C-alpha cells in the first residue's frame, strides 16, 4: 500500500497542476477562443441564413432528403459514446487506470451530445416548430406520434443527455469545492453555487459514490439504447441497405469506436497543451488503443456481415446501392472508409511498436474520418438509389452545410477549451483518493501494471 | 361503409404524353421552381411519367409508367412522422397535413416510391400567375413536405355534394386532375369498396399488379402492364 | 453557531481524534468529519447512515415507467390515428419510450435522493474550513456544550499534527 | 385549409413574399367595386377553345373569384374578378372528349403570364432591341390607320402583308376577307411543322386537301410512318383517346400498332414494333408493304383506286418494290416487311398514318402518296377503322384574297427588291424563329418600313414591330376554331369570353373590324363585331334538337357538331394532275463530310417553340429524356461511345448552314447515323422564361424544300458532330436513371 505511487504526484501537486489552467490564462487562450468562436458564429449565421432564405440553400434534394446534417447528427451522437459509456463501464469494473481519463471522456459525451442534438433541429424544414416533438398537453391533443423513430430519438437523447450531464456534474462537486475554497470574489461565489455546498462529510462521499454507481448502471443501457435508436432512424424505413436487424449493434459498436478515437485525440491534445504528462501516460493511450483495436475488428466484422448478407441476398435494389458504393460513384469514399476504419487501426494498434501516443492519434484521426464517411455512405447512396431508377439522384453539399459542419467541430473544440478553462479536466479528488485506497480498491495503472492489477 | 379510394393505371393506354403532370401542377398549386432549382433536384411533380429504356438499338422499347402517391394501406411514410402530419384517413388516403409538418423529411426517405416533395423555399408566383391558384388547395410554406393527395379537395367537394343530395355516389363522379386530363383514359379513379366500380374491376384484373408489391406496402394504385402481343 | 474542530493532515491522526471524541462521550451523529477525498481506508468514513438510494432509484424507475405507459396509452387513444397500418396502441414502439422514461426516472430519483440525503444545497451549513480542500481532514463538534469544550479541545489536540480551532 | 388561411397564405406569396402581412402592399391599394357577379368560393364552369395548336380542342374552364391587381383609369387597385382557374377538356366536345394535352393544360398561363403585353406599345429603341413605350389605343389605331391610309392613297394596297399562323377559323377567314377587300394579297402563313405536303397528297389521292381523321377505336391495326400522333401531330388529344380505345376499348380485341421512324418519338415508344427505316425511304417501305400485299394476293391492286393511280407502277404490282430491294433501300429486313404486310392485310380494318419527318424530305409528297395508296389498298379510306375527312364548314362568303407568296418568296422578294412591302401585320406567327437562316427572313423584315404586331408577347418577330396592338387572351375574348380533323362528323368550336380582360388589350378581330371601318376608304365588311361574324355561320347550322338554336347551344357547350346542311360544306378539292415520282431524297451536305442525318422535331412541350414561354411546360419533364428547361441533342449510345461522348457532354453540331453547341442525351432510341434535336428552345427574345435558354436547331436547317409543294424539307440536312467539352449543367433532367434494372450484371463480370 504505497502512498507515493511512482505514477502519480502527491496530492498538493495534483491540485496545483490541475488547477493551474483555471487560475492562469495566457493570451493564446483568448486567441484560440476568438478563432473558434468566429467559426461558431459563422456556422450560426449560416443556420440563420438557411432559415431565412429557405432550406433550398443546402444541397438536400429530391430524393436525397438527408445529407450532411443527418451524417453529422449520427457522427456526433456516435462520438458522444466515448465518454459516459466508457467511463461508466470502467467505473463499474473499477479499472484503476480510468481515473485521469473519465472526466475528459464524459465532457466529450456532454458536448458531442449537445452538438449532435442540434442537428435534428438544424435539419428541420421548420425548426421553429420543433417543440411539437415534445409531449406537452396541447389543446388539440395531437401529441407526438410515439410510433415514430424520431420521437424515440427525442426521448432517448433527452434521457442520455440528462444522464450524461449529471454523470459529468456529480463528480465535479468536490472539485468545485476545491476551486471555491481557493478562489476569491465573483469566482468564489459562482463556484460556491456550483459546489452545492459540498463539504466532504462521509455521508456526502458515500452518497456521491453510490449515486455514481447507480448512474453508471443506468447510463450504460441508455447509451446502448441511444445509438440503437439512432440506427432505428434508418432501419425502420424500407430503404435498400437500411432495413436490416444488424444496424442496432453495428451503430453502437461504431459509436464506441469513433468515441474512443475522439477521446484519444482529446486526451493527446490536453496532455500536450495542459502539460498533463504526469497524469495521462502512454499506458492510457495504449489501453484505449487496444480497446479501439477490438472495436475496429468488431466494425470490420459488422461491415463484412452487412455486405455478405446483401451480396448473397442479391436483391435488385440492395445491389444497386451495393455496387454504387463498392465500384461506382461512391467507391473512392467507401474504400477510404475501409482503410481508415479497419486497415489503419489494425496496423497501428495491432503492432505494439506503433502503439505510441502518436500512433494512437494517427489511428484515431483515421477512425474519426472513416466513421464520418461511414455515416455519409449509409445515408446518401441508399437514399439516392431507392427502388425506382427514374427517381435516382445524387447529392452534393452546399456551402451552408460545409460551414455548419466545420462549425460543429469548432464548437466542440471551443466548448472543450472553455470547459478545461473553468473546470479541472481531470477529477482532482478521484486522483488524490488513489493515495488512500480502501482495501477493496484497485491501484492505478502504472508502467509496471498497465491494467492496474491488484498489488499483491 | 366508408369509401376506399383507389386508382388503376392501364399502361396499355398510357402513351406518356405528360398531360397529367401539368394538370396536377395546375390543380394543386404546385409551384414551378425554375431552371436553377430544377437542376438542383427541387422540381416537384406529384405525378411523373417514368420512362425506362429496354434493349438496344434496333430492338429497343420504351416503357412509360405514371407514378404518383400510391396511397398505401401500410404506408411506410406514416409511422415515421413524429407529428402525425402524415397519417391514414378513414377513406384510405395517406393524408399529409401541411400545417402539422415540421419538415423532418423522414416520410420522403421512407417512401419507396419517392413521390414526396419538399418545399425548399416559400412558393412564389410571378404576378399575375398567382391568379390561377386553386383556392381549394392550400399553399405549402417553406419547409414542409407535399405530395399527391388524389385531389382530396375534389373528393371532398363531391362527397359533400352527394351527402347533401342524399344519394349514392356514382362511379366516375370524382376525377382527380390527372385522371380528368388523361385523353387515353389510362387512369381510372374510384371507390375500391364499391365492387361495381371500374377501378375495382381493374384492380382485380389478373393483369393487375402493384408497384414494388414485395415491400408489403399494400398500395392502392394498380398497374395494368402493357400487353406485349403484337 | 459555535464549534470546535481539529484539522489533520494524516488520516491516522484524524481517526484518533474521532476515537478520542467518542471516548469523551460524543455520539457519532454529533461528530463532524470532513475529508478532501473519500477515505474508505479509515473507520471514520463509515460514520454514515444506511442509504435507500438504490430503492429510490428503483422507485423513480417505476414512476418513469408508469408515466411513459400512461403517456403513450392516453395520448394514442385520445387521438386514435392510423399510421402505416400499425395498431393505435403499438406496444413494441411504446416499449422504447417506456424504457427511456424508466431510466430517466431512475436517474432523476437518484439525483434527488443524493441532494436530499447528502444535505446538498446551495447554502452551506455546519462546520467548514477551506483547508479541507487543501488536503486536511476536519474532525469537530458543533455547538459543543460549554461544559465539554475543554475536554473536546483536549481530545482534538491529542493526535500528532493537530491544529485545533474554535469558532 | 379554409379560405381565410388560404388568403393569408396567398398574401405571403408572390413578389410580396418577403414582406410581413402588416406591410402587405395589396392592403394599401384601392379596392374597386367588382364588375363580375360571382359568389366567392363557388366555382362556375364555362366552355372555351384551346388556341395553342390547330386541333381546336374544346375546353371547360373553372372560374372562381380572385383578387387581381389592375389599373383602372390610371389608378392602380385591386378588384375581385371572376378568374379562370383550371382548364379541362370539354367533356362533350367531339375532339377533346374530356381530355386535354399537357400544352392545353398550360394554356391558362398565357392569360396570366407576367410578361404579357398589357397595353399598346410603340417602338422607342432601335428595331429588335425590345425597347417600347406605352401609348393609348386611340394613338395606336390612329398610327395603324395612317399607315394603311397611306398605302390606299398611293394605290399601293398590295404592299400590305399579313403574317399569321396556319389554321382554320373565323379569325383566319376575317383576315382573309379584310385583305381581299383592302386589295392586299392573302395572309402569309408559315409553320415549320406544317402539313402542306400531306394536304397536297390527300388532295391528289382522295380529293381532299386536308388532314385526315383516324378511326382508331375501330382499327385492329395501325401503322404510322413518322407521325407523332400521340404527341404533337395533327389532333393529339382526339388521337390519344382513339388510341386508348384501340388498345383496350374492345373486349378481347387489342389493336396492334407499328411505328416507322428513325428516332423513337413519344408515339413510337408505344408501338408494339418500332421500325427504324433509313430517313427519306419511308415511302419506299410503304410501297414495299403494298407490294407484299399485292404479291400475296391479299388485296387486289384495284382496291387502291385513285390513290393507286398516283403511284408509278402500281397497276403492275410495284415490281420495283420487292422486299429484297426495299430492304436495301430502307434497311428494314425483307422478312419483316412481308410479316407486317400480312398483318396489315389480315388485321382488317387497318390504317396507315404518315406525318412528321418522312414528309419533311425532298421526296415528301411521294412518301405521302405511297402511304395514301397503301391505305386505299387496305380498304381503309372513309371506312370504319380507317381514315376519314372531317366535313368542313364554309366560313365566310366573299372574294378570297389572291394567293399569298410563301414566307421564303416574300423574304427573297423584299431583299431582291421585287416586292416592296410597306406594311406588315403579324398575328400569332414567329417566322424569324422558325424559318431556316438561309431564307433571311429577319433581314427582310428589317427592310419593311412599318410592322405592327397583334402579339401578346415580345418574341423574335414581334420584337421587330414598330407598333404592338396586344390581343386579348383566348379566355378574355370570343374564341372559335373549325377543326380540320379529329372528328368524323363536322365540328365547330366556339365560346364567349370566360373572364374580363386583365389588361388594356383588345381582341384582334375587333381591332381589325374597327380599322376596316375607320379607314379613309372603309373596307366593307358585313359584321360589326367578331361574334356577329361567328354567329352568322352558326345560325346557319342545324340545331341539335328541333326548334333549338345552334348558335346558343354551341356557346353553351363550346362546340357544334353534326351533319352539315347542303351548301355549307366545302366541296372536295379536285386535282387532276399526276405528280412526277421523286423517290430519291436529296440531302444537304456531303455524306462523307457530314455523316449524320439531322432530325429536328417538335418538342412535346413547345411544339415549334411558340409555347416556350409557359413555365409549366418548361418544367414538364420531356416524355423521352425527362429534360426540363433545356435543349439537348439525342445521339445513339453506340455512336456516342465511339465518339467518346457521355451523357450531358457538350457537343458541337455543324451543318452547311451553321453550328451550335448543346448537351448530349445518349439513348438507344435512334439510329446510329442520326442526331435529333427538339425545336422550341433557343429564343433570343421570348419572355423571362424562354429568353436565352438552350439552342434553336432551326438555325442548322438547310433551305431544301419538298419538290412539289415548296414546304421546308426540315429533315433533309446532314451534320457533323464533335465533342467540345464535359457537362456544363445545361441539361437538366428530372430522371436519375434510364433503365429499370441498371447494373444488374455488374456483379457477374
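Here the chain labels run A, B, C and D in written order, and each chain numbers its own residues starting at 1.
We adopt the following convention: contacts are C-beta pairs under 8 Å (C-beta built on N, C-alpha and C of every residue); 3 or more make two chains touch, one makes a residue touch a chain.
Since the structure is predicted, the reported quantities are computational estimates derived from the model, not experimental observations.
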| item | value |
| --- | --- |
| By mean Cα position, the chain sitting nearest the middle | B |
| Chain pair with more C-beta contacts, B-D versus A-C | B-D |
| Centre-of-Cα separation between chain D and chain C, whole angstrom | 88 |
| Chain B and chain D: spacing of chain centres that average the CA atoms, whole Å | 30 |
| Cα-centroid distance, chain A relative to chain D, in whole angstrom | 64 |
| Shared interface positions of chain A, touching two or more other chains | 142, 144-145, 147, 151, 389-391, 393 |
| Multi-chain contact sites of chain B, meaning residues that touch two or more partners | 43, 48, 50-52, 76, 79-81, 84, 122, 141 |
| Multi-partner residues of chain D (at least 2 other chains) | 626, 735, 737-740 |
| Contact footprint of chain D on chain A as seen in their complex | 311, 314, 316, 319-320, 323-324, 327-328, 384-385, 389-394 |
| Of chain D, residues touching chain A in the complex | 626, 735-744, 746-747 |
| Touching residues (chain side chain D, partner chain B) in the complex | 1, 3, 5-6, 9-10, 12-15, 17, 41, 64-66, 68-69, 81, 83-89, 96-106, 108-109, 112-114, 230-231, 236-238, 240-241, 243-244, 247-248, 254, 256, 258, 264, 266-270, 272-274, 276, 343, 502, 604-605, 615-621, 623-624, 626, 628-630, 636-638, 667-672, 688, 693, 729, 732, 734-735, 737-740 |
| Parts of chain B lying in touch with chain D, wherever the complex brings them together | 10, 12-13, 15-19, 21-23, 25-27, 32-35, 38-39, 43, 45, 48-58, 60-64, 98-99, 122-135, 137-139, 141, 177, 180-186, 226-230 |
| Residues on chain A engaged by chain C in the complex (per definition of touch) | 11-12, 15, 135, 141-147, 151-152, 155-156, 158-159, 162-163, 166, 170, 173-174, 177-178, 180-182, 192-193, 196-211, 214-215, 218-219, 221-222, 225, 229, 429-430, 432-433, 436-441 |
